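Heads up, there are several structures right after this.
In the two complexes that follow, chain A is the common piece, with chain B as its partner first and chain C second.
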Partner chain A sequence: MRKRLLLFIALGWVLLFIGDRVDELRVYQGASIAVYTIAIGSIILLTGYSGQISLGHGALMAFGGYVAALCVANASLPLWFAFVMAALLTGIFGGVLGFAAARLSGPYLAGTTLALAVGLPSLANQFSILGGEQGIYLDPGLPPARLGEDFSQYKWFFWITTLAALITMFWLSNILRSKYGRTWRALRGNEVAAQLCGVHTGRQKVLAFALSSGLAGLAGALLVLTISTVSPSAFPLSLSFALVTGAVVSGIYDLKGVMLGAVILVIIPEIADSVASRFGDSLKIISTLPGLLVSALLILAVLFTPNGPGEKLHHLRHKRKAHSG
Partner chain B sequence: MYKFISSLLIGLSLGAIYSLMSISLVLVWRSTRVVNFAQAGQAIVSTYIAYEVVNRTGSFWLAFIVAILAGALLGAIVDRYFMRPLFKRVTTGPIVAIAPVVATLGLLGILRAIVGFIWGVELKPIAAPVSLDGYSLGSEVLPFAPYNALVILIVAIVLIVLSLLFQKTNLGLSLRASAFSPEIARLSGVRVNEIRTLGWAIAGAAGAIAGILATPTSYLSPNSLDILLVFGFAAAVIGGLESMVGAVVGGLVLGLGVTFVSNYVSTSLIFPTAFVFLIVILLVRPSGIVAGKRSRRA
Partner chain C sequence: MIRNTPKKRALFVSAVIAAGAMALSTMPAQAASQPGITSTEIKLGITSPLSGKVAAVYGKIPGAMKAYFSHVNDNGGVYGRKINLISKDDAYVPTLAVKATNDLIMKDKVFAIVGALGTANHLAALRSANLSGRGVPDLFVNTGFSGFADKAKYKTTFAVLPSYVMEAKIMAKYIDDNYKGKKVALIVQDDDFGLDAIAGFETAGLKPAVTIKFPTGADTVAAAQGWITGKLKPEAVDIAIIFATTTTSAAVLGAAAGLQYRPTVGWMLGSVGGDSNTLRAGGVPLAILNGAIGTSFAPDPSDTTDEYVNFFKSIYAKYVPGSTFDLTVLQGMNSAMLTVQALRAAGKNPTRAGLIKAIEEVVSATISRAPLPTNGLPTNS
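Showing the complex of A and B:
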């Protein structure tokens, strides 16, 4: 555990160093990567470990985003407190939801969370406090003055999100190795066998769902920080799908690849943009290509690296060894 | 009273469309144990093809037939050339449990993108074959139009044809047998794989009809049928996901519930209503209104 802590601290220093050397756009993308890392981590916890599948994590992110924005805009609470609240309240919401949904398996849960993803953002138009289509502006405040004059807003975002992502991943990698992680894996492997070993399956599933929701809420709050407004259109159905894709591509049963998925999700719109500009900036291409890439990637990942790129590499190395030996 | 009758009628015609979508999900689920999230994508493709036919020929009915055929063909192709190879390829590892969900989701995205690429993402209308203006009752004009009546009529005909097919023909017997127990059906000489593909084709046709019937009262865009998918799924779960009767009952219950809530409470509560329905049913009666004996273990 101490070794892992040192590893994470070292990784943090490396990221800090990189953040100082690249231009503004890359720093901003780095912040997005950190946000997606947390969100994908929450899916890996849920799907990879406890075996439940959610197509509605975009909606949970929206929930967290609204909580954070309301905390800052209406109650003028400090930023860090708003993030804690976002994670906490979304976790509780997820727990309540999980009470109904976590008793379900596979497609039932998928469909229910899909309904959540379609339905929840439209609630924003129902209550005036949520600001309708325009949403709520979240004032992130200026970076602390002691960081210097030329310390930009984006770099501030990058620091906050990266720190959050590092802490989250450290916590996640610990809990997945703890007795809880083992219990969840047992649950995923064989529910009946887990039950026979004295695992309270229902309770464990709700717990996993609640923790995963809390992480999604935190990711949502951080996403809102980087785009500075929370509105229904920031959390479309395609966000939920993209998160699942990111998780499957990074290897849904392993936390190690989590950044790979996040990087891919951030790169895809950029690829789409550059392809579109090559073909004369057609609206058709810009609006459809990201979806096409995400979906194609999802299917290819399921077909060719169903248990993650890590396993595939391991497999290849094994094969080569067998040949040479 | 007037409001009540109009809500009832509108709810029925809305529920009829949900029922069809729900049936197409149930048909696939029964035979393959896959909730076909790509159904919305298949339906959007066939509905865009119908849009093209309406534009070229001006005939709604020709477009209707073409949409059904396209939907059926697409359903068969998806099963034969996508799902079957997938099941053959992905057989080990913990991914097996979630592979169907993830794969149909990916397919949904791809079909949507293809449609957006060909026809663009702007909203497109399909003109209704009969009037969309409501019947008048005395001095009041009901929101219930001849088109809504037509929807109910068409869905009723489709349901009768389907139930005849499933109850009275040998083909229907094979379909039911291979859904109930593929192994025993195979031993009794049913070509289970072909029959399964046929089931996907019928499901695709039902979804295509739902898609084209839902479009004239709103607009067509690459994701305009996602809502229908969600409601169809909710209806299927309300009905128990196993039974076609349940799917129809679920669709009607949901259609009526949603319409009454939006007429009496607020129009923007449509989604939350469907979601609450879904959660309440799952909590109170997880096996659906029309309960089958099998437990909810996918």
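Showing the complex of A and C:
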């Protein structure tokens, strides 16, 4: 564990170093990658470990986003506290949902969470305190003055999101190796067998759902920070699908590849943009290509690396070892 | 061997990351010159709805601006530089406007944003992309939101349309002068665009008997039928004011035509959704438009006696053949013309700060002579 902590600290330093060297656009993309990393991590916890499927994590992110924005805009609470509240309240909300989710499995659970993704964000249009489609403005504030005048707002976002991602991943990698992680894996493997071993399956499922929701809420709050506005359109249905795809591409049973999925989710719209510009900036291509790429990637990942690239590499290494040995 | 693996792996990972960091750190630094300006080109960017519900009407703005810029480019450009307008779609959705604006500034590296459309959209984009803090000129926004006049908050934003508050006050005065005591219904979007209008009517002392606030995008014909049968009853309403987009006007008037409904005095339309040419092209029957009163800040696009209308019309016919010339096009070309004038005023080697200064100087020089107080100018309207 201490080694892992050191590794995370080293990673943080390297990211800090990189953030200082690249231009504004890359820094901004880096912040998005950090946000997606947390969101994908929450899916890995839920699906990869506890075996529950969620197509509604976009809605949970929306919940967290609104909590954070309301905390800052209406209650003028400090930013860090808003993030904690977002994670906490979304976790509680997820826990309540988890009670329903624990009774469902497979396609039924997928369907229920999907309905959540479709319905929840547009609720904001019904209550004026949630600001309708215009949304709520989350004032991120200026970066601390002692960081200097050249310190851009995006770099500030990058610092916040990256720090949050590092802490989350450290916590997640620990909990997944703990008793809980093992229990969840047992659950995923065989529910009946786990029950026979004395695992309280219902309670464990709810716990996993609540923790995963809390992480999704935090990711949502950070996403809102990077765009300074929360509105239903920030959490489209495609976001939920993209997160699942990101998790599958990263290797859903393992946390190690989590950044890969996040990087891919940020890169895909860029690729779509550059392809579209070759075809004379066709609007149709720009709006449909990202979805197409995400789905194609999901299919390819399921076909070729169902357990993620990490395991594939592992296999290759073993094969090579077997050959040389 | 096994015990060594994690350490080795950690070493490997950190080596890769460090190498990546080094590679990235050697990437060329950004040029110190002005973004978006080369010796042959000035790159400008616009965000507007090119897809979605309101696209049919307002999606014409980038094309109209490009038409005027092409005309300027074909006649030598601005001090030899050709204007290249990059247009991004925001589908009239604030979060998409944020992304589009960020892309324009960071990826396309435009010199300035021009003619960005939509109050809620541009507010979100302005805040998120921090145009003011970065000193990116934000010229001639296509919204009359009075908040953009706040120079302390939006240092680089310049408006061209009269503010919605001002417009609402003018409408309120007209009603007070001609229809004193009549019951008024107000249909507005539930965002800063609508709130601005409400504020204007309130300042002028007009209290609507009925106010319908609807979330953006909820202005369907079915919803409009509900408003008419539920709230705009003849005994409750004499004058119905639609202060929203053309999409809303078309939906409400279309629903009214279907229900054979008409407020006892009649309809009043705000400038945003009140161009009869656009509404008729969108299928609103002439019978229902007859007698409706609309406000406008520009000459009628079908007025052949107006010099500007004729000038813009001939350019538009040349560069965008086959497209109807309406108020949206006129407005787009007008802001394009202002943009060219501002760029010329900024001199042969334009900088972002220079452009802003040039506009501010022109504004302060003409302010006393302006026939109409425009939004964004320090007047006490």
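The working rule: the second predicted complex is superposed on the first by the 323 of 325 C-alpha atoms of A that agree within 3 Å, B and C clash if a C-alpha of one lies under 4 Å from a C-alpha of the other, contacts with A are read in each partner's own complex, and residues count from 1 in each chain.
By our rule, a contact is a pair of C-beta atoms (placed from the backbone, for glycine too) under 8 Å apart; a residue touches a chain by one contact, two chains touch by 3 or more.
These numbers come from a predicted model, not from an experiment.
Student: Assess the superposed three-chain arrangement around chain A: do chain B and chain C clash, or do they fit?
Tutor: Partners fit side by side after overlay.
Student: In the superposed arrangement, does A:141 touch chain B (first), chain C (second), both or neither?
Tutor: Once the two structures are laid over each other on A, A:141 reaches no partner at all.
Student: For the superposed three-chain arrangement, provide the angle chain B-chain A-chain C between C-alpha centres, rounded in steps of 10 degrees.
Tutor: 80
Student: Considering only touches as defined above, state whether A:23 meets chain B (first), chain C (second), both or neither.
Tutor: second
Student: With the two structures laid over each other on chain A, which partner does A:14 touch: chain B (first), chain C (second), both, or neither?
Tutor: A:14: touches chain C, not chain B.
Student: Just to be sure I read the superposition right, which of the two partners does A:78 touch: chain B = first, chain C = second, or both, or neither?
Tutor: neither
Student: I want to verify the contact counts: of chain B and chain C, which reaches more residues of chain A?
Tutor: For chain A, the partner with the higher number of touched residues is B.
Student: Figure out whether A:125 sits in contact with chain B (first) or chain C (second), or with both, or with neither.
Tutor: both
Student: Give one of first, second, both or neither to describe whether A:153 is in contact with chain B, with chain C, with both, or with none.
Tutor: second
Student: Measuring by CA atoms in the overlay, how small does the chain B-chain C distance get, in Å?
Tutor: 7
Student: Which parts of chain A are in contact with chain B and also with chain C?
Tutor: Shared contact residues on chain A (touching chain B in one complex, chain C in the other): 125, 283, 287.
Student: Within their complex, state which residues of chain A touch chain C.
Tutor: 3, 7, 10-11, 14, 17-18, 21-26, 28, 125, 128, 132-135, 137, 139, 153, 227-229, 231, 233-234, 273, 283, 286-287
Student: Which of the residues in chain A come into contact with chain B in the complex?
Tutor: Going by the criterion above, the answer is residues 47-48, 51, 53, 55, 97, 100-101, 103-108, 110-112, 114-116, 118-120, 122-123, 125-126, 188-189, 237-238, 241, 244-245, 248, 252-253, 283-285, 287-289, 291-292, 294-296, 298-299, 302-303, 306-307, 311.
Student: Which residues of chain B touch chain A in the complex?
Tutor: Listed in rising order, the residues of chain B that touch chain A are 29, 34-35, 37, 86, 89-90, 93-95, 97-103, 105-110, 112-114, 116-117, 120-121, 222-223, 226-227, 229-230, 233-234, 237, 241, 266, 268-269, 271-272, 274-275, 278-279, 282-283, 286, 296-298.
Student: Please output the residues of chain C touching chain A within their complex, sorted ascending.
Tutor: Contacts found on chain C: 6-7, 10, 13-14, 17-18, 20-21, 24-25, 27, 30, 50-51, 89, 93-96, 98-99, 102-103, 106-107, 120, 123-124, 127-128, 130, 133, 190-192, 215-218.
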